[in-house]
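Quick heads-up: structures coming right below.
In what follows, chain A forms one complex with chain B and a second complex with chain C.
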Partner chain A sequence: MGERCAVIGVGQTRYQTRRRDVSIAGLVREAALRALDDAGLTFGDIDAVVLGKAPDLFEGVMMPEAYLADALGAAGKPVTRVHTAGSVGGSTALVGASLIQSGVHERVLVVAFEKQSESNATWALSTHLPFTASLVVGAGGYFAPHIREYIRRSGAPDHIGTLVAVKDRRNALKNPYAHLRIPGITRELVEATPMLWEPIRYLETCPSSDGACAMVLAAEHKVTGTPAWVHGAAMRSEPIFRAGRDMVDPRGGRDCAADVYRQAGVTDPRREIDVAEVYVPFSWYEPMWLENLGFAGAGEGWKLTEAGATALDGDIPWNASGGVLSANPIGASGLIRFAEAAQQVRGLAGEHQVDGARRALGHAYGGGAQFFAMWMVGSDRP
Partner chain B sequence: MREVAVVAFAQTRHTGHDEGLSEPEMLLPVLGEVKERTGLARFGFTCSGSCDYLAGAPFSFVSALDAVGAWPPISESHVEMDAAWALHEAWVRLQHGDVDTALVYGFGKSSLGDLREIMTLQLDPYYLAPLGLDQVSFAALQASALGADEARLREIVRRSRAAGRANPCALDLPDPGEEEYEVAPLRPSDIAPITDGAAAVVLAAGDLARELAERPAWISGIAHRIEPHYLGMRDLARSASAADAARAAGAGKGHLDVAELHAQFSHEEIILADALGLSPDTVVNPSGGPLAANPVMATGLIRIGEAARRVMDGTATRVLGHAAAGPCLQQNLVAVMEA
Partner chain C sequence: MPSDPSPDAAALVAEHVLEFPGGYTRTTGPVIGRFLTELRDRRIVGVRTASGRVLVPPLEYDPDTGEPVTGEFPEVGPAGTVQSWAWVSAPRPGHPLDRPFAWALVRLDGADTALVHAVDAGTVKAMRPGLRVRPRWRPDGERTGHVTDIACFVPEVTTMAAPVRAAYRVRPGRSLARFLEGVRDGVFLGGRCPECDKVYVPYRTSCPACGSVIEEEVTLPDTGTVTTFAINNLPDPRAPQVPFVSAYIMLDGADVPMIALLGDVPAHEVRQGMRVRAVWLPPEERTLSMTAVRWFAPTGEPDAEL
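Up next is the complex of A and B:
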């Protein structure tokens, strides 16, 4: 809504377990400079900076935007720090886009990062307020019951999660930024890895990565190079403790997708969207989100996965980049989805480019599957 | 820009100690109050500000959402900043033109931890945090750089605390007595008190704002700026980012009746008044300001709310609300509101 907005620059760091060669500032600056270089701009051309990351406990730096202002060339400019749990990378892009769509700014730099090697995310996610018992360990402990419920409802066979784990890691081999590279990965290899949280095996979960992603967003009259136009953007949140909410097929996700599709004029997502970058941190979330986002009917999502529809050569490729399963600097993971969607419609996705992609969905979720951020980008000006 | 106004503001009766309330419990009455005052149960956009480190656990904003009544799911976002920045995000969102109302809230319980130590974690983790200088020491460096006259600081504290005693939401703090230095030249009363509290603001656009409030506080300008983190890069006696934000918000385009400043240390008021170009007859912090109640993460939003309240109740026609963040006023936000 509002003024038109486009992505004119994207920058990513290589994602890996530890980036010992850079500080946190060095990491975000690397992504920011690559995005500016892609856009043919410098820090001096930027009006405002939006920084996103997941909980500050991950690095032990509170409100790091204060410290990172210098590295991001932000002195003298407005800086906003977004935090919406796992969806934060997506929300960061949307807050940046909003600054353009409102007409307030003309060029905005959005950056999201996580340097997970600074701590242990599983335990940072397992702290609780005093005197409340911790019933789960890490995000996997929280989401595994939701997955089991999906399997129960849909009757999906056990191997569906394995298929997603293999598909996304094969895609990752075509993405130079991806963290996990497992040449020759097979179902047997995934099935031979330890069970972490029933039914999630080790290779069905996302890695912990260091990395940053950045984008330059521009108003229509400042668009240069090959833009990815924003066709629709929305956020939705729902309360974590509401007894009546469906955690397997959250209404927030459905409503958010419906809002984005309405703005983009999409009525049949499976046919009208060419490629989707969807937040799948545990393999089973692909079939679950296929249903939640309207690509398949209730209980039918796993059939698309099984039939290969979401593979790079399928009719609706999901996570051509390898997705969150192949690289997960948590706070950046959502922004990477949004950025990869943009690269697809810009025709700049490299080896994992989906031929002729003109419309792409970027998706992120967070909290207890309760925060959603999505956008649709296209090669055509809306 | 689209006309957007503050149409309702509510805050807790802040306390200087933990009352045993969880954050959602603290927030709920405040959200109820702005909903009742506007008659709105749903908002086009919702944005909040809070800090995980105050609670010592990730995602303090998640449980807060349970106080909002976010069902059916709402369009919502969160900044890990003072909620004044959430208000800015909401104001930006209202400029799109497709939604007409926004709910903004912030909350913080600094009674639960050691705020001085917690704020140290905001510093560059490689070069500054290891020095062991805490928030008050940093502030004292700035006060020294300013060469602040201690009698003047004392007068700021006396005036703020007196105003706070007249404000039912602020703490009841006595006139400053004889005190040793906390960190020279600052004494304990120069430092904002530990406070628990929450606040909420409703923004509305155009004609709807006129329907919802008799005298909406129209936001004629709002802007924020940051400056370098490293103290050596800045003239600590001045606030370049506050001055820039004030210029961008058009603060100097007319007379300001009231300015509510997010000064967490008495000397910051002097620096800010200078940076914002306040004239001597502008009333500063009639609410008592942060020196009388400092519910961290809501304090900046409360400055905007307190300033807006004076437009809404007819006692002022043009006001300024200010918020700050980062060590030594690194980041500043200015909102100018008019009748």
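Up next is the complex of A and C:
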């Protein structure tokens, strides 16, 4: 892995449907300044900036990294743009970490954002090319068949998805940055919402948010304050259509997790990890990823969810922050997972802090469940 | 008690206008006069009271104390903030605008009181407490020293249209063109990877798993099995109805599924494992496009094992 790397500052904006009061530049700057403030630094202390966001077509700003260099204090510094679809926030953190681990830079600012209110992601994901016959189904229409297949294979009862939808929104009530706040949310309320892409109900989907997240990463000799040390980091990709590809349990996700666990010395993730922030944009992806990431055996993930193991007071809390189901500024969503994992092991997660968390997993996926980014962070120096 | 009027008398009606010929004059006094003089010059001033408050529009006597206001006229605005408002959906003849607008209490920057004026917001949805507005002035030469020298207030600019349009000429690649020829002729063409021995459809010239060049063309039947599907409750221009079913269909002999529409079956009767066949447009209506396949429909065979 090379040099040690740690998170020394985290900044987030309050996620909401529309941030009418700021430009894209103002939005990313807000997160960046909060991260710098958390680290006790200024832009002048930063060696390089890594910026992540989902496709340019989402806001129609081509190469936003060029436009945003001023807002991120990056004039005269290396600026790198990362794009790996929905996993981009995670990949952005990993590119930043690699600049530290390789010894190239000492302090790197990583920032990711989306201002979904400037456009419409479903439109941007459904660009109908001539000659083909694509359907307007969006991300939900794409993932619903894989959820159906998971339910068939695992024999999971119908209500598992609603349990996740309720649990994550209850956690969100403890997170001041979360977008969706539904006090008193119940299974009945979730089940009363319409099926959009059966088997996905309205309240089993993520919201559409404006927001940005930033982190300051530092090399060991520049660590200040309360660090979250990077114990393992990996990315994997796979083609969307490959013969024999398992779209319920993608190999890219399995391989990525195995690599991170190997680096971190983890052999039993459920027992050895204290809290996980995992990219769950549709409720059923919690049990699916519980299996893909090795927290449960094949067909067993839903049993952990049903038993409450992933709740805030369970033995392996997943998405204590409320997760993607409670805030989804797409390009930033992966970085938020990584940042929330860091806040947990720094002991700075606030009301949704998992007591005594010393090791946390951050996870993001994107595309047709074909891009994966993960890291393990810990309170102990590796 | 007088008796009821006759029907003729009951129908009596007449217009009556009470208007002083030439209009009343109103002497402004020094305070209001200064305010109106400044308006004519496109400036908005308030007046400061002895306690330091800035009244806009100005008053001659401080309503809190009854004392005269000071002789200080600080410039305020021109921008301000809407405090409250009432929407006028059907403007009357005497109203300042001939389209729906809001009467609003606007507190100009630097003022301690609010001014009543019209806000041309376009739609009621644009109105909210806290909305930032600026005056739209009557043009030079038309201002006379009157509060209507401000024609109305308009919201500050907070968004702009960003027209982005990229026009392409799309030419299908060699493999897609070959596949579309097959579709026009009523068959699905695939390709077999020489290394993996897997059949990919639509036809392609390289293997996504191993990168090998695919040269062997395979003609696949138009029958297959639904591996999984979604019931979509959102409308789609191509779908015959809502809900519609988008399915992964493994054509017989293929090793990757195609995504396609299912038809001729109620959505909730679709099953994983269901056997289906392509429903083609009549040959004379087919073009080099996937629209040559209307959708897939059940064959009625027993379900396949998944």
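By our rule, the second predicted complex is superposed on the first by the 379 of 382 C-alpha atoms of A that agree within 3 Å, B and C clash if a C-alpha of one lies under 4 Å from a C-alpha of the other, contacts with A are read in each partner's own complex, and residues count from 1 in each chain.
The criterion applied here is as follows: contacts are C-beta pairs under 8 Å (C-beta built on N, C-alpha and C of every residue); 3 or more make two chains touch, one makes a residue touch a chain.
The model shown is predicted, which means the values in this text are computed figures rather than measured ones.
In the superposed pair of complexes, A:Val79 makes contact with chain B only, with no contact to chain C.
In the superposition on chain A, contact of A:Arg20 is made with chain C only, not with chain B. Within the superposed three-chain model, A:His146 lies in touch with chain C and out of touch with chain B [touch as defined at top]. Of the two partners chain B and chain C, it is B that touches the larger number of chain A residues.
Shared-chain residue A:Phe241: touches chain B and chain C both. With both structures placed on the common chain, the touch criterion links A:Met63 to chain B but leaves chain C unconnected. Contacts of A:Met195 after superposition: chain C is touched, whereas chain B is not reached. Residue overlap on chain A between the chain B contacts of one complex and the chain C contacts of the other covers 60, 129, 239, 241-242, 244-245.
Touching chain A in their complex are the following residues of chain C: 158-159, 162, 164, 170, 172, 176, 180, 193, 196, 198-200, 208-209, 227-239, 243, 246-248, 255-256, 259-261, 267, 272, 288-291, 293, 306. Residues of chain A touching chain C in their complex: 20-21, 60, 118, 129-133, 135-138, 140-141, 144-146, 148-149, 152, 194-198, 200, 239, 241-245.
Within the complex, the chain B residues that touch chain A are 1, 22, 46, 51-53, 55-59, 61-63, 65-66, 68-81, 85, 88-89, 92-93, 95-98, 118-119, 121-126, 128-129, 223-230, 233, 240-241, 244, 325-327, 330-331.
Note for the complex: chain A touches chain B at residues 1-2, 23-25, 54-57, 59-70, 74-85, 91, 94-95, 98-99, 101-104, 124-125, 127-129, 234-242, 244-245, 250-252, 255-256, 259, 367-368, 370-372.
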